[in-house]
Amino acid sequence: MIGLVSLIQPVAPLFVMTLATGSALAAIAMRRSFLITVLICLVGLIGALLALPWMAHSAAVAPMFADGALSVGFAGVILLTSILILVIAASYWRDATAEPREEYPLLLLVGTIGAVTVALGINFIPLFIGLETLTLAMIGMIAYPRWRPEALEAALKYLVLSGMSSALLLLGLGLVDLATGHLSLAAVQHASGTAMLLLPALGLIIVGAGFKLSVVPFHIWVPDVYAGAPAPSAAFLATIPKIAVIAVVARLLFADATIPPTLGLAMTIAGVASMLVGNLLALLQQNLKRILGYSSIAQLGYVLVALLAAGALGRSALLFFVAMYSVTVIGAFGVLSALSVAESDRDQDRVGDIRGLFWRHPLIAGILTLALLSLAGIPPALGFMAKMYVMAAGVHSHLRVLIATMVVSSVIGLFYYLRVIIAMTQAPDSADAHAEGRLSLPGNAAIGLIGAVILGFGIMPQPLLSLLKAVFHS
Amino acid sequence: MILVWIALIPIIGGIVVWPAGRLHPLAPRVISLAILFVDLLLTLKLIEAGGSGAWLASFYAPWVPSLGIGFRFNMDGLSWILVVLTQILGIIAVIVSWSDIKDRVGFYHANLLWSLAGSIGVFIALDLFLFFFFWELMLVPMVFVIAIWGNENRRRAAIKFFLFTQGSGLLMLVAILALVFLHQQQGGILTFNDAALLATQPTGPFGILAMLGFFLAFLVKLPAFPVHSWLPDTHTEAPTAGSVILASIMLKTAGYGLLRFAVPLFLDAAHHIAPLAMWLGVISIFYGAILAYGQADLKKLIAYSSISHMGFVLVGIYAFNAIAWQGVVILMVAHGVSTGALFIAVGAIQKRLHTRDLAQLGGVWTDLPRLSSFGTFFVLASMGLPGLGNFVGEFLILRGTYAVAPLVAVFASIGLIPAALYSLIAIQRAFHGEATVPRRVSDFGARDVSVMMALALGIIVIGVYPQPLLNIGAPALGNLVPAKQVSALPQKGRGG
Amino acid sequence: MINLSWQAPASLAIILFALGLIGLITRRNLIFVILSIEVMLNAVALLFIVAGMRWGHPDGQVMFIFILNLAGGELALGLVLLLRLRARITTLDGDSANILRES
Amino acid sequence: MGNIIWIIPAAPLIGSILLGLFGARWSNRWSGFIGTLSIVISALLSVAIAVHWFQDPPVDEHMRIMLWRWISLPEYSSYIEFYLDPVSLIMMLVISVIGLLIHIFSTEYMAGEAGYSRFFAYLNLFVASMLLLVLANDLLVLFVGWEGVGVCSYLLVGFWFHKAANGYAARKSFVVTRIADVAMLVGILLLSNALGTVSIQPMLAKAALLWPHGGIMAAAGAALLLIGGLGKSAQFPFQTWLPDAMAGPTPVSALIHAATMVTAGMYLVIRLYPLFALVPSVLTVIAVGAVITILTASLTALVQRDIKRVLAYSTVAQIGYMFLALGVGAWSAAMFHFLTHAVFKALLFLSAGAIAMRLHHEQDIFRMGGLRQKLSVVFWAFLIGSASLAALPVVSAGAFSKEMILASLWESPGLGKWLWLAALFGAVLTATYIFRVVFLVFFGEVKTEPTGHYGVRIVVPLVLLAIAASTIGWLEMPKFMASSSVFSSFLEPVLGHPATESTLPHWVTAAGYIAPLLGVVIGFGLYRSGYWVRTAGPVGQGNDGGQAERSMGEGVRRFMRAGFGFDFLYDRLLVQPFLWLVKILRNDPIDAIFMSAAAAAMRFHGALRRSQIGQLRRYAGMLALGSMAVIVIMVFA
């Protein structure tokens, strides 16, 4: 028995989630019940979250997994985010009784397993497996409302493009293997620059990571896929894979005191381009999901700033920003999904749809406002603190070009965030009214909680900072 | 603790009045008034109490200790004057909205109170981060006020306003961060405390760059040439009370910011930039005045005149002496009162005649003698008629400036000529002349008259007996720049 | 143990990969697009085999198996999507599947 | 006695406030009563103080009362403080007494006008400001009054605001004086900065102590203040606003644009004469400028059709005489001419107003005529006033004051003789143009039939002023007539002893008396020959439809009629450039820069948007390109 425990402990969260996946599958096979499936998945996720600290304290280390506080912390963020998305998704699908919807939470759970695997993995094998598990699950989540042609198209686009990026990433990994004979990240780290093959290999790995992070120039798929995916899937797409990849990149970059100059240059270019292109593309956009997609491109540019600003400040800034980003993006998509009807031909994702929202549902509108303010980095929302933190890290590390770009692109970004916020206060356009969803208690509770977090930590960030510190530096 | 309440009461009030609007449209108005009165009383009590040392009151509590950010509220005479101005004009804004705003009354007053709270916070926060927090905080409710209750092009104006002020604010944030880290590098701790950072005094190109971050942010908000162009559009579209708050209070946060932060934190750089700043001020004076003359929209005319007046403030701040700074304070208060009153008058005209176009106005005096005489009075006041508040401010600024940069002072004085031109053309085209169409409208009622009387009285009192204000402001202005730093500066000729 | 050269098969893998990539970019038929991805994945799988061969360790082969798994999964999903999509757009022309775009 | 001085300006101020607040609800009768009552209080107190002063002059010949500290800073202070000495006493008396008479006149003159109470509110406010101006002991407080009277002048000139032309005239008057005021403000800044105080007496003491004779600082300060004075007093080169200011009601012209406000410039120089005495060069400038003013204004007056414009140009010219006196340091002569001028010019304006009242507001002298019998009261009043203006010897007050000026000119060194000659020529012109009016208006055939009649409130002020206009000159007579020098000895404590040691050759004195008579004769001669009527010029201002004869003489007259083209000159030099600037800047070109930045962002947006084409193949291609780029960077960077 003891042996089993010590066997499980190093991979406890994955184990719990896999167990939950199995149970859910069995449950579906026995009797289709959306509620039960959701509950099983929820239990799995919460169980995994609880298992994390236990795993962190394990004496033994699984061969391919990291035990660093950073990875564990990111895994925790992924799990928390998944839980929130699950609640939102559950409320989104609640009324779609005509369709089988039990697999959706299951896919979400599987995707989360993949993401956690990525966050924890230090070897190419778990990294690769996790990433592909995540991707395949996400394709399912995107295409889930199969009555929507947009969803199918989005899934196909994602499938092809992510397949391509996977191939490129794999090529990079293969080249590393070929050059060094190791499949671990450490090999890249320590051998960088020594072998002729390694530089293009590193480049290809960046491509793979860049695709998942959706930074420029690998952003091209983002708006289409986000727009086609149902709102909870888009929320998942915008957060989980990104956090997972950030976890890997952060672990790589923060392990060394300095970033190789070529890598730094590539990241700087990508960061500058992401901030500008993302915000510029969003300017006159009328589709909220696309706006959030473009916004996430820009936000990832800010993440690159934090990543490049090495040191303790950069590290805290990164964690804080990622936490802010996840919460905020889920909040925004959560509002969209709360307003949408799963069975209809599209979500409530037009700017026109939310006109007058302030007077129909003041609290929902308030939360969306907070989320948008947070993305724009305006007090009292959490994003203000986060952005300031990233800026502080950037200024501290003298990242002049990036900081200047950040200022300029933020100004551009303000335009479309504000446009959406103002649209909510204007009289609704009765001509293109679209069916608005019925609000549900758990969904409301989830986005309410998110709103409270955005506002509360925005005003009083110290508890969140302390929490992050406790988790990531334990 | 009382300082926290002063900032907090309007915020809480905002949360209360929003839902209160659903009960009865009168409820938010009354509650807002009551809240602002309580706030005003609290503030007034502070000056009685006197306080210890340089501050009338101060408060500290940690906020984000890991970054050295704290709730550091301090109030000196300068802050006190501006906070009282904010509260009084806030009360007036509520009264002015009494019959103007009819829909979504609760949310409207909530935003009004929140933007006031933001301004009050700006005036009393002495932690740079806290200051910046409030600086940004006051914008959002203001944007709502403009975007929801404004005129035809309100959305565009709200966004323009937001982009200008927020964008420049980001530069300030970068500058704040740079300063804080420099302080840390110099062996200090990581802190955003203004008092500690005052000792940093960066020099050389870094000092100039960091100072420019502050300077630009305040220049935009002031606003001064060449970053003024958000103001006219914003004012044109804002509802009356919004214009009042914007012109009378928010513009003052910039003057305050320059006095409190941009100059004392970077004395060396500020001295270097002083000639440029002063000439920018002079250009603003002329540019604002000339454009004001050319406007066909009465509200835009007043908006451009604000740019002209704020040019004096800019000149005065960079004159670096007590007289000019006293003048700056007086002018800010007087401009707040007179321009606020003018916007109220224009709002009243628009409400009654449904136009602000000077080509369609004219002959208003015949129909609305009370409104017109108040309008004329405040135009004359803002023109700098001696005996009224604005003149005292302008004169002290000119007097202080003359001592250090006579040429600047001379040109700034010449700026009073175009001021007369646009003021008189405004009176002429709006109030005088013959009405093009017969109108049947009601003149100012008792509520409007009492508001205008109060403002008029204020501007007269400031004009003939500014001494109390000067006395309150004097110690604060004296302490802005720590004596140690002053003596360390090279005494070189500057300006003109 | 015969000391096989690893450069030649590695080059082959790269060339295969390039062919797949070119196919992906140039083909309009979605079936061929998915097939191109398969080609690319297989090229990489080959590369891993070569790497394993070069260093004489089994990791490459492990990766090979996982890559096959992925390729199979992706192919299956892709075909399912194609089937559903064909019901909508009645063609397999990838260029015509562009409801989602900047209008 | 001194501590009630404050009531003198306060009473009209309170009257004005009351009228402003409640006037709209009061009956006209009540408004007029309150408006006048406040001035009655001021006038009575002024007279009482003056009488008291004569009986028992205060120690040091001045009184000071401090009311409150206006601005008190370590580096700068201004107190609201009144300073009464013989000079300000005379000013105060003139303002309040003549002001009172004009108020009384106005209660009848303005009857039936809309805005009756508004008129009195403004007029009271004017008197208050003017009194503040003369009583102030601080240059900045003086400036308050200075601008205050300017604003009142603006409001009153534009009193009939329905007509755009009135508004234009009002604006012009204010802006022209404002230009000068800015110079004055800069002067105040300079003095305050250099001397540390602008409290007049200490400041003058310090100036005398610190600044050398003819020093550059003193010259600059004096010159700047002088510019302010020239503007307010409508002297060359600022004279253009005064004739237009005649658009206001006639009592306003009488009070503001003849008797009081326009002499503020002269008062300023006298108040600060120790400063001006330091810089002879500035004094010379004053004198030369005054000669230009006198000659141009007199010549212009010679060809005007509008009676009020004649009087306006004559005011400019007469104040020119005062400045001429100042230019040679004859301070008390200037004061004396101020006194007599205030009386006779008020009389002339009121008479002109009285004529207009009866002639349907006709102001064109060529449409009047033969009014000698019809309006005999006004005829005598106007005649006495004209005599005084022309300085007809013995019978008029003007003669004494003008004689005093001429004498001072003759005696002053340097340019003195030339100045005297010019002044003498001006005296001829003066008599000519005013008697041109007298003959045209009161003699000959009746052209417009008068209607209505005068009430007592019109007649009494006219009579009182007429009496004063013929007698007040006796306060100061040349030595050879009678040894009366009440006026100059009254002013002596302040202004020092006038330099008239009477070494004047007799022919010089005689010339001074003969010149006006000569002018009257010329005026009569040209009247008899019909020259005036022939050269009347077109009706109205500036619309010379082109049919006027193109002779040389007519061209010159047109030029003169237009005030020597100053308006044209200023229009081209100042107004048009300003309007051009306004026109090109109107839409805020700076904003266009920001808007083009926004437009650039939008263009980028559009360009980037096109990359989101929706086609899978393109996306894959872009992805591949991106990958290539990264690899290139990694390998080659």
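Chains: A, B, C and D, in written order; residue numbering restarts at 1 for each.
Rule of thumb we're sticking to: contacts are C-beta pairs under 8 Å (C-beta built on N, C-alpha and C of every residue); 3 or more make two chains touch, one makes a residue touch a chain.
Bear in mind the structure is a predicted one, so any value in this text is a computation, not a measurement.
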Per-chain C-alpha mean nearest global C-alpha mean belongs to chain B
Of A-D and A-C, the pair with more C-beta contacts is A-C
Per the C-alpha means, the centres of chain A and chain D lie apart by a whole-Å value of 78
In whole angstrom, the CA-centroid distance of chain A from chain C equals 26
Rounded to the nearest Å, the gap separating the Cα centres of chain B and chain C is 64
Between the Cα centroids of chain B and chain D the separation in whole angstrom comes to 38
Where chain A touches two or more other chains at once, the residues are 156-157, 160, 164, 223-224, 415
The positions of chain B in contact with two or more other chains are none
Contacts with two or more other chains occur in chain D at residues 609, 612, 614, 616, 620, 624
One finds touching chains in the pairs A-B, A-C, A-D, B-D, C-D
Within their complex, chain B touches chain D through residues 164, 225-226, 228-229, 232-233, 287, 290-291, 293-295, 321-323, 326, 363, 365-366, 369-370, 373, 380, 385-387, 391-392, 395-396, 398-399, 402-403, 406, 409-410, 413-414, 416-418, 420-421, 424-425, 428, 431-434, 464-467, 470, 474
Touching chain B in the complex, chain A uses residues 316, 358-359, 362, 373, 378-380, 384-385, 388-389, 391-392, 395-396, 403, 406-407, 410-411, 414-415, 418-419, 421-422, 425-426, 460-462, 465-466, 469
Per the touch rule above, chain D residues touching chain C in the complex are 609-610, 612-617, 620-621, 624
Chain D partner, complex, touching residues on chain A are 156-157, 160-161, 164-165, 168, 199-200, 202-204, 206-207, 210-211, 216-218, 220-221, 223-224, 261-263, 265-266, 269, 277, 280-281, 283-284, 412, 415
Contacts from chain C onto chain A in the complex sit at residues 6, 10, 13, 17, 20-21, 24, 30, 33-34, 37, 40-41, 43-44, 47-48, 50-52, 54-55, 57, 59-60, 62-63, 66-67, 70, 73-74, 77-78, 81-82, 84-85, 88-89, 97-102
